[in-house]
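What follows is a group of structures, each given as structure tokens.
Paired with chain B in one complex and with chain C in the other, chain A is shared by the two complexes that follow.
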Partner chain A sequence: MNNKKVFILSGLLPALALILAFTYYPFLKGIIMAFQDYKLFDLRNVHFVGLDNFKAAFKDPKFFTALKNSGYWVFCSLILQFVFGLALALLLRKPFRGRGIFQGFAFYSWALSGFLIGMIWKWMFNSQIGVINDLLLRLHIIDERIGFLSNPKWAMMSVIIANVWYGIAFFAIMLLAALQSVPADLYEAADMDGATGIRKLWNVTLPYILPTIIATTLLRAIWIFNDPSLIYGLTNGGPAGSTHILSSLMLDKIIYAGDYGAASAIGVIMIALLLLYTIFFLTVTKAEKVGDF
Partner chain B sequence: MKQRLGTGFKVLFLGIYLIVMVFPLYWIVITSLKPQKDIFTFPLRYWPKQFTMDNYVNIFKISKFHIYIGNSLIVSIAAAFIVIIISVLSAYVLARYKFRGHGQVMLAFFLTQMLPGFISLAPLYLMMSHMDLLNTRYSLVLMYTVGLIPFSTIMLRGFFQRIPGSLEEAAMIDGCSRWSALLRVIIPVMLPGIASTFIFAFVQNWNELFLAVMFIDDESMKTLPVAMNSFILKFDVDWGAMSAGAVLSIIPTIFIFAIAQRFIVEGLTQGAEKG
Partner chain C sequence: MTTRNKVSALVLCGALTAGLLAGCGSKNDSTNEGNGGGQVTLRMIESLTSPARTELLKASIEKFETANPNIKVDLISPPFDQADNKIRTMLGAKEDLDVIEARDLNVSEYVNNGFIDPLNTFADSWSDYASVSAIAKSLGSVGDKLYFVPNGLYERQLFYRADWFKELGLTPPKTWEELYETGKKLTDPSKNRFGFSFRGASGSNGTTDAITLAYNGDNVNLEDSMFTKDGKSIYSTPEGKQAMELYLKLYKDTSPPDSVNWGFQEQVQAFTSGVTGMLLQDPDVIQSLTEKMAEGTWATAPLQAGPGGKALLAAGGAGWAIPSDSKHKEEAWKLISFLSSPAENTEFSKKFGLIPIHTSATEDEFFKSGPYKTLLDMSNDSAHFVNFKPPFQYPGNGQWGQLVQDSGQSLLLGQTSLDDTLKKWADFWDKQKAELKK
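The block that comes next holds the complex of A and B.
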């Protein structure tokens, strides 16, 4: 019995110690920073300022742009990634010749970093020599070049397109695995009832994989909300802050402004939003236990 | 007729999807193989008139690119190894034993995946500075290890749960201790799962940018993403060199992905579903 306790403790200790020391401890320090005047270039003069960092954030129009953009960014990216991901998963469910190779080419974006994907799309979206402008001109879809990233009217849409491209593979992979776990006898029963393809999808397949759908979208939304790397590589929030989301604005304040207090305030607001979102999502879907992933 | 229409639609959709997925990769490779002047001349050529390796030669001349590649390899492999060792232990315990606090420990792991981690970036920078680890590869190995422990634990736990417990019970009746049962009996069965977790960790480390940007400033310690980041700031218009750099940074992960795709996908989804 004692032997078992020692085994449990020694197995968990390295992982837990590291996470407490280098994930949770700095995380709590970051939250405290939100209530401090904490600037990298003025470290001698760190002091508590109450809610000043939050007040400053709420006075900054850039913050509200980022807040609104975060909403668009998560909502549009998620819906489109999910729809295309599900379509792809449904089409790939039954084996066909070359499916393995197809999946290799279809899913590789998973292995690239958001930052590099941002760079590649920045090159393709270039308003002067970008290939997307060139293609659209050749196909006579547009008459003159579009400043996909330089025109604030288009920039957010362009960033979202790149993100959809990046994330379809994730959904397709997860949903494909879920589809393949649907027991065949469920379909047989539906066949006996004379159900058609669409009905089978709606009455058999989707209900069965619903837990996976819920878990995947819940998590994915949070990751999309938290991850600034694609935007960082693509526009770095430009032009004039019009494509910042909250996480990229926070990053900007850390890396370029060195204003840790202001950055942390944004971080704390993000945590509050995530909490609200999670509670809302779990209530609406009535999923108390979504696997436990 | 309806069947044919369905197949036609399927081929069309998959075909378009394939083109859309592959084109960006194609375009960055093609750009990197064009002579500098051809990159900027109209009309754009979708198949270059002449191919050149100039951009690749150039990037090793204007920067210490071989050093960045080396640093990225060292950091990514070292951190992935340590992650595996630590996570195999924690995952095994969490898969096999029920104990007081089990749920809390799992929650502590899950939560790290949901929190906006960049709020820790500034405190971590200060911690690394106090520990005298700025501008060292140790800082990255340490933080990449920490960053991947939770996900790897969750993933490996899923694999452990698929192995019947009777396996090590039998070994323990035969006189093995818990440790040797884990090492001699379970680990060998787990190798595919361990391999895919390792590869996943390697790819994440290889791609990581922001911690590296915060901690590393010294040319001789930079990893590939940090170097690419300073390229953007320094040679914003030199798309020849940048595309060559991008291709070189992508190659290892694509290569690994091509070999291990099946395992990784299986690992990710199984681990996730089993929870």
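The block that comes next holds the complex of A and C.
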């Protein structure tokens, strides 16, 4: 090895050490714990139990509810966040008076923490003292109060609404940045060819920002899948476990049972699912375009 | 790049990393041995942290330090949500800790892991120990050994809307059956008014346990309270079923439908905002009720009894314990006995809204009036308010809350039958007992 390589390597070493210590060590430790009986109540008796934690997870009907909910939660949240985010970005693309202020208001939800958003929406959805029921009653849209978070029929939809509200800003910010990079001469050329607004959107704008769309939806789907904070703040997985997703169920195992083994097993299953998802997504969207923006 | 430049770049790189790590870490100058002159620094960590409480603690500690110039106390106050995890991690890593705040719900975990020492030898030679109430001693004990000295007690009682009761000519309910009847009279959904502040989400087992214990009454094994005297689960008896039938009616006829997914905040908020007329809670809500509600609109009454005329009552709380690895146990005990002295503890309880641990404190005028009076009335009437030991010794106790929330909600929503639910709950405890015996 020549001097230059040694220098580069030793310059990288501290950063590498940090990444190894704080990202890969916990990751490996988590995988190991998934195969252990690791309970807070009995830390002196941690031992390997093979696949027991996984078997227990697959035997639990709550796991399958959470699995189904996770799919539903990611799919609905992602599509709605993307559609509304794109619409918002398109509206904000052209300059108008007060655009900066308007942007600030439109994007502020992204700056809040998931737990806080959970708290805000929990009170808004409350059927007795919540503002949503109150408005609907006053507008005579409903006659009886709706238990948004207490009726299993409504609960999942309610948490998704809160999540959509939260995530629109992310897509709007990212897509707006991409939209502003579309060269104006492309539109001029399209105008000369007599293209209409919709046509321009479909044939010029969307293809141009496609790499951004792919990267953001990929990332966002993983975040939505992994983030339990909103569900935790809003419903705590209830009523009767009907709004648990995998990540909130995992948290549940730690908070209530102190069972790190069971929680880690769910974590490992989540990693496997995400890996499959990423491979699938990158294959169908032709990965080489993704890094282009 | 010259060699000199390279070296300085590398040094800078290393220094930045070290600086980053040092900046992220917490201050840890564990010079516990002090500076030669017999000076000892005690490291103490609290669990039920809140800004107001930390202030009170600090004031007490200052007094202690003035009285004991050779002992310095370093108080660590992690945020409440993470405190127990932090304490557990620090104990597991054998970090220097001399006094920790253990809680009723995790003390047996600490004992089981060998993290804390019994305090009996210290307590036996402590002059103030005689006036510590039996209920406080029982709270801090696992088996027959004392592991922490409680810093105050929480006890459940009924808070009710005195103005609504007056309007309708009602008196506070003495039994669960009366609670239901009264609740029905207060309920008028068209006015968005309900009798009872029900809690179906996290913490719902507080209500199911209380009502089922009261119905099983004299038959409950007070030392192992999830079981009757002949070793059956309290949820498996005919009385237990009766209790849970009433629990269901309490939800259906006297509570907002939304309350199936209510936890602590919603339950209290519904009461303070005038949606519900009765609330079962601990004294720590007194402060927020006083702040949010007009004087005279609310009052308190003792916990409800079962058909046998008895209510089963447990005190909850946290207190000071000494880690097994502490190197300054004598000094740690000095601090604990100071904080737990009648003068300090009574003052602390008054300011924070707890029941003091010394029986002598009941002489204080403060506890003879207002919302605390009913709590003391209950303590003084042991014929009707029987003290039991909550099942904190079971490793699965944390899961119990979760099980009652999940299966209790599906019971309330009509997804499962009462018989199936009761069987599930009884099975849970039978299994816990079998595992504990192993």
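Annotations
The rule is simple: the second predicted complex is superposed on the first by the 278 of 293 C-alpha atoms of A that agree within 3 Å, B and C clash if a C-alpha of one lies under 4 Å from a C-alpha of the other, contacts with A are read in each partner's own complex, and residues count from 1 in each chain.
Criterion: a residue touches a chain if its C-beta (ideal position, glycine included) is under 8 Å from a C-beta of that chain, and two chains touch if they have at least 3 such contacts.
Just so it is clear, the model here is predicted, and its values are computed rather than measured.
Clashing of chain B with chain C is the outcome of superposition onto chain A.
When chain A is checked against chain B and against chain C, the one touching more of its residues turns out to be B.
By the document's definition of touching, of the two partners only chain B reaches A:Trp165; chain C does not. Look at A:Leu251: by the touch rule set out above, it reaches chain B but stays clear of chain C.
When the two structures are aligned on the shared chain, A:Gly11 is found in touch with chain B and with chain C.
In the superposition on chain A, A:Thr285 makes contact with neither chain B nor chain C. Look at A:Asn203: by the touch rule set out above, it reaches neither chain B nor chain C. Applying the stated contact rule after C-alpha superposition, one finds that A:Phe41 touches chain C and leaves chain B untouched. With both structures placed on the common chain, the touch criterion links A:Ser127 to chain C but leaves chain B unconnected. Counting contacts by the rule stated earlier, residues 7, 10-11, 14-15, 18, 40, 129, 255 of chain A appear in both its interface with chain B and its interface with chain C. Of all residues in chain C, those touching chain A in their complex are 1, 6, 9-10, 13-14, 16-17, 20-21, 88, 92, 109, 112-114, 192, 194, 200-202, 256-263, 266, 269-270, 273, 275, 395-396, 398-399, 401-402, 405-407, 409-410, 412-413, 415. Of all the residues in chain A, the ones that touch chain B in their complex are 3-5, 7-8, 10-12, 14-16, 18-19, 22-27, 29-31, 33, 38, 40, 84, 87-88, 91, 100, 102-113, 115-117, 119-121, 123-124, 129, 131, 134, 165, 169, 173-174, 176-178, 181, 212, 215, 219, 222, 225-226, 228-229, 232-233, 247, 250-251, 254-255, 260, 263-264, 267-268, 270-271, 274, 278, 291-293. The residues of chain A lying in touch with chain C in their complex are 7, 10-11, 14-15, 17-18, 39-44, 62, 122, 126-129, 145, 147, 149-152, 155, 235-236, 238-241, 252, 255-258. Residues 10, 13-14, 17-18, 20-22, 24-25, 27-28, 31, 39-40, 42-44, 86-87, 89-90, 92-94, 97, 99, 105-106, 108-110, 112-124, 127, 142-143, 145-147, 149-150, 153-154, 178-179, 203, 206-210, 213-214, 225, 228-229, 232, 239, 242-243, 246, 249-250, 253-254, 256-258, 261-262, 265-266, 268-275 of chain B are the ones that touch chain A when the two sit in their complex.
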